[in-house]
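After this come two complexes, each holding chain A, first together with chain B and then together with chain C.
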Partner chain A sequence: MQSKVKKQNAAKRAENKTARWLAAPGLILIGIFTIIPISLALTLGFTNAQLLAPTNPDFTGLNNFKTLLGVSAVTLHAAKQPDGTCAVDENGEIAYEPLRPLTRDNSPRKDLRGKSEVKRIFANAEKCSVLVVVAGDPVFWRSLTNTFFFALIVVPVQAGLALILALLVNQRLRGRNFFRTVYFIPTLSSMVVISMLWRFMYQQDGLFNKSISNFMPGYAPIDWLGNPKTAMPAIVVLSIWQAVGYHMIIWLGGLQTIPAELYEAVRMDGANKWDEFKHVTIPGLRHTFVFILITITIAALGLFVQINVLTQGGPLDSTSTLVFQSFTRGYQRQEIGYGSAISFVFFILVLVIALIQRSMTKRLDT
Partner chain B sequence: MKLNIGRFASYFGAIVFTVIFAFPLVFMVMSSLKPDFNLLQDVGTMRSFLPVGPISFDNYVGVYDRIPLLRFIFNSLLVSTITVVLGLFVNSMLGFALARMEFRGKNFVFAVIISTLILPFEVLAIPLLYLMVKAPWISFNGGFHITQGIFNNYQVQILPFIANAVSVFLFMQYFKSLPKELDEAALVDGASWFMIYRKIAMPLAGPAIGTVSVLTFLPMWNSYIWPVMTVQDEEFRPIMIGLQYFYVNFGTAWGQIMAYLTILTIPVVILFLSMQRFFVNSIATTGIKG
Partner chain C sequence: MKSKWRISLTAAVVAVGLLAPITVSAANAAPVEIPLWTHNGGNKAELADVNLVVKDFNASQSKYKVTVKAFPQINYNDAIVASAAANRLPCIMDTDAPVVPSWVYAGYLSPLTVDKKITNKLQTSVKGSYGGKLYSAGFYDAAIALLARKSTIADAGLRTPTVAKPWTLAEFNDALAKAKASGKFDYALSLGTGWDGEWYPYGFSPLLQSFGGDLIDRKGLKTAEGVLNGTAGVAWGKWFQNIFTSGLAPKKETADQRDNGFITGKIAYQWNGSWAAASAAEKLGDDFIALPPPNLGTKAYIGGGSWQWAVSSSCANKAGANAWLQFALQTKYLTKFADDLFNLPITPDATKASKIFGPGSKYSEFATFSATFALIRPATPAYPVIAKIYETATKDIINGADVQKTLDGAVDQINKNLKDNYYYVKKK
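What follows is the complex of A and B.
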């Protein structure tokens, strides 16, 4: 009896030992190339590390984050003329006092030092005043809003369009494999290739402008990627075009797990197509829905390649994103410390969104 | 009658989407066959989607003359293949241990792997670059030396991408689906766990191996940002970086650029068409199980 126990223990130990050997190479590599970089991202943000500096980085506390996240506001005034209107400059614009002396390093207002203007709001004609929002890093706030703008459009549109495509090619259509393949091919090609191709089509004398002007004589060609108003929407369109086929396949996988009997059952009850969709298809796709939501959201928040190839964040920072800014600061300007601080903020953002979506999953499951 | 209208609408929709997804790619391939003058003249008309005018492979010859094309293709194939092969070993071993064996710390390891699944690589790229610049490496130069920095070589393009949480996860799911009795029977026959992995689990893991190979190869072939940051020597550059050679005189050689984009796309499309089953299964199942 005792020897049997001993034997079992020996087997357990052998299992434990072999498991560790099998797991070791993968764990060591994940440790070095994932866990250490995560720890670095979380710590380098508190230093002034430079990429190629020979000296060791200094600990600078919250400095990077103060610059990155620092926001303040100041009211500027213009002289009031006897007739009650505000003084104007030679361009006819209201001549407010200059902001510059207030943001210098010797500014009387400590909270404004080193900051730059983001936006002027609440212009008051009575008092001849305007509220100026200033930030330590206006590009960061532009990048943050751009990133969210991109995600808020891409996530629902791409998920919805992918579902429409999946429903379309899930029917018994002749040639449906051909259709699936065509919708999927842009996904295979790299985003770099797709971006270059669309760059050619978006040009002033490119495919889109020339085609439109063939139908509409007198149409003034738009510089799609060179105009702050159209650059981001242009990137949204090409991004959805490239990636939607991938999520179509995921939806298809979900559709095929729904048992055919369920459809037959509701059909017996006299349900029409819409009832089928509402009572069988949608509930059957819950898990797929959450997965798609999470993957598209994370991919959208990481928007980078398109920006790097097409616009470099321009024009006027209208297409700068968090990851792009972190790349510019950390790699091109070699300010690893500051770039890591941006990565840190991005990391927290992704984490929070993933947790929110995770809790949504739990609610859907019950 | 109503049904027929529905079917008609479906076919109509499917064809409209086919046009939307295919036209840029058709445009790309057709443009690659035309001289720049004809190519720009055809833009905006139906001619840009047809092989009309003076058709030739001149642009492809031009690409070949402008950049070290074969070197780049060789580099990309080498880096992608080594990563795929090493990744198959490392990730399947870890996946096997997690799926079928008991060991201390298993739950912790599992939690770590799942949580790295959601991290986009872009977040890690900057700190990883810092790590690689500062990391020690043993180099051989008449004798062994310890040098600082891993960049401008093949290693920097391979090492960070061998172990991969998604691959581990896929192997784990697959090994879990094999019946537990296999291990028990083998253990009774005196086989070691390593033998079970090598002689039983891996030979049965064909579909998982196919899926993981495809899902590793594709991003490696397409990788761009990481090599831009870490590889300056032409000798080690992968194929995607070749695009930068066309930025120089941008706008002058669109035909060549289109030819190069076609060269970059064709291998993955062929890979896809020949391994379609693995592609579709892999993507579809990640969705269901995630």
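What follows is the complex of A and C.
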């Protein structure tokens, strides 16, 4: 009896040893090409490393993160005139004291040095004062909100549209393979190529403007990518158009795993099309839903190629995103330490969002 | 029978091909190979001229053999930076003028040892100096001018500006307003906003400098405060912004507007380089005129410095690399680079010999512009960073951002970068 256990243990140990040997090549490759580079990149965020500098970088602790995330506020005053109103400048606006002396590198307020104005709030006519919010890197905050705006629109719209397309091409129609291919083609093309093509269509004399002005004679052409109000929506449309085919295929895969007997059964129970969809299709797609939600979210938060090709983050930072900022600072401006700090923050954000989504969808998945 | 003959012939050719280098190298010591990289992989005419100089040099002596590798311009700087990181730089490479100090600072380049008698004759704008040493020399320069039609100026009743007396700010504004009011053009001015990147500092910082501002305080190169965001800088920003907000120029030109807007008569004036003059002159004939840059306050300026040649610090045969550069700086080649490629000659002898830019020839005014108005971009290792910050700020100004705030923000970013890099003084 005892010897049998011993034998078993020995066999198990030998098996474990073999398993370790078999796993080793994969683990080593992941270590060299994924784990080491990622940890190096994250470490760089705590240094002042410059891309071309001949000198070794210094550890600067949390400096990069303080600049990146630092936000303060300062109250500015305007002179109060004898009649009780605040002094105004030549444009008729209240003449507050200038902010610049407080944000310069020799400012008496150390916490404001190098910061830039984001917004003026709480103007007080009584005291002739206004509260100015300043940030160490206003473009980062702008990029953060842009990225979330993009994700908030793209995730539901793209997932929903992909589902509608999948339902359409899942029917027994003639030529459905043709439609499946057509919807899938944009996914196969490179995003760079698609962006270049859409740039021409978005131009002031491009396809969209020409088509609209054909129907509406008085229409003034919009420079879709050159206007801060329309640039991000234009990128949203193009991005959804490119990626919707991919998620259509995944939905389609999900649809085809739903057993036909279930549909037959509900039909025998007298269900209509809507009931069929609500009680068979949707529950049958819950695994696919979780997968699609997480992949679209991560892809949307990583928005970069379209921005780099089409707008370079402009006009007026209206299309700047986190990954684009990390690229601009780390590579184009050679401030690789700072760029890595942005990546670090981005990494944490995506991780947190993915974990929240995972815990929220866990119920669905079981 | 016939096919057999062909096979044996092929075999013979291959055999000779294999043996030939061996026999040659056995006969006399093999020449030392000197690799050369150039950015003009996409520019056939320029590459042909580089190849010609290399061929002539290799034939002129037996010690060195220069070998050419051409890259597309868009990837060129990346290739250099990547191979520098891997310690595999070529011996000779061309560099974009304003990047030279940055590459010197990074330790990529070694000072040139070309005969001073030769380099002294070169126009200042094609010499890349840093820390009192010469690191690069160019074969040519380019010049920006205000391309126009004689008829536009005559119809508007304007004075034709000259090198001695360029248009003033008021005259330039007047010219643009009249072009717009004439109703003949979509836009009064094309500023090249269809380009990105280095065009912004190259094309627009001379306008800023003409107002009296600059990218950085050139004394000491330690701050941009009061220079980029001072009164003159803000005046430039407001004027520049107004050109776009009042519809005188397109905010973001399409490729068609940029390349054809002026020559097809949809845009009245174009702020563009000498490289665009040939096609404009061909299309417009005698009506074409290249006007000197306007004087917007202090003095008229255009950017100086184009592609230049440098020797890497890791080069095993610096003497050979310098010998090639010295050989290439002969008047006949400089003239050829100018005339073949429509670039400006950069020595008095080459200018005299040039058929296009020589005294009394069709485009002689460009050479005068370059010699009179050229100002090189600030020679600091921070330049590539400053250029990017300035590009972003200028784009924001074009799109209607508050000028003072935008320039203040740009100054903060430039100064922070300088400080983070210990003002680019190498620490021990």
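In this text, the second predicted complex is superposed on the first by the 330 of 366 C-alpha atoms of A that agree within 3 Å, B and C clash if a C-alpha of one lies under 4 Å from a C-alpha of the other, contacts with A are read in each partner's own complex, and residues count from 1 in each chain.
Throughout what follows, a contact is a pair of C-beta atoms (placed from the backbone, for glycine too) under 8 Å apart; a residue touches a chain by one contact, two chains touch by 3 or more.
Just so we're clear, the structure is a prediction, and the values are computed from it rather than from any experiment.
Looking at the shared chain after the overlay, A:16 reaches chain B, while chain C stays out of its contact range. Of the two partner chains placed by the overlay, only chain C lies in contact with A:226; chain B stays clear of it. When the two complexes are overlaid on their common chain A, residue A:205 makes contact with chain B and with chain C alike.
Counting residues of chain A touched by each partner, chain B versus chain C, the larger count belongs to B.
Of the two partner chains, neither chain B nor chain C is touched by A:7. Residue contacts after overlaying the shared chain place A:182 against chain B, while chain C stays out of touching range.
After overlaying the two complexes on the shared chain, residue contacts for A:333 are found with chain C alone; chain B is out of touch. Contacts of A:52 after superposition: both chain B and chain C are touched.
Of the two partner chains, chain B is the only one touched by A:291; chain C is not.
When the two complexes are superposed on chain A, the residues of chain A that touch both chain B and chain C are 51-52, 205. Those residues of chain A whose C-beta lies close enough to touch chain C in the complex are 48, 50-55, 67, 100, 103-105, 114, 116-117, 138, 203-205, 223, 225-226, 228, 312-317, 328, 332-335. Considering their complex, residues 81, 102-103, 105-107, 196, 225, 251-252, 254, 381, 384-385, 388-389, 392, 395-396, 399-401, 405, 408-409, 412, 415-417, 419-421, 426-427 of chain C touch chain A.
Residue ranges on chain A touching chain B, taken from their complex, read 11-12, 14-16, 18-23, 25-27, 29-30, 32-38, 40-41, 44, 49, 51-52, 165, 168-169, 171, 173, 175-176, 178-179, 181-186, 188-194, 196-198, 200-201, 205-207, 209-211, 213-214, 241, 245-246, 249-254, 256-257, 273, 287-288, 291-292, 294-295, 298-299, 301-302, 304-305, 308, 323, 326-327, 330-331, 336, 339-340, 343, 346-347, 350, 354.
Those residues of chain B lying in contact with chain A across their complex are 6-7, 10-11, 13-14, 17-18, 20-22, 24-25, 27-28, 31, 40, 43-45, 48, 89-91, 93-94, 96-98, 101-104, 106, 109, 112-113, 116, 118-120, 122-131, 133, 159-163, 165, 168, 187, 192-194, 197, 218, 221-222, 224-225, 229, 240, 243, 254, 257-258, 261, 264-265, 268-269, 272-273, 276, 279-280, 283-288, 290.
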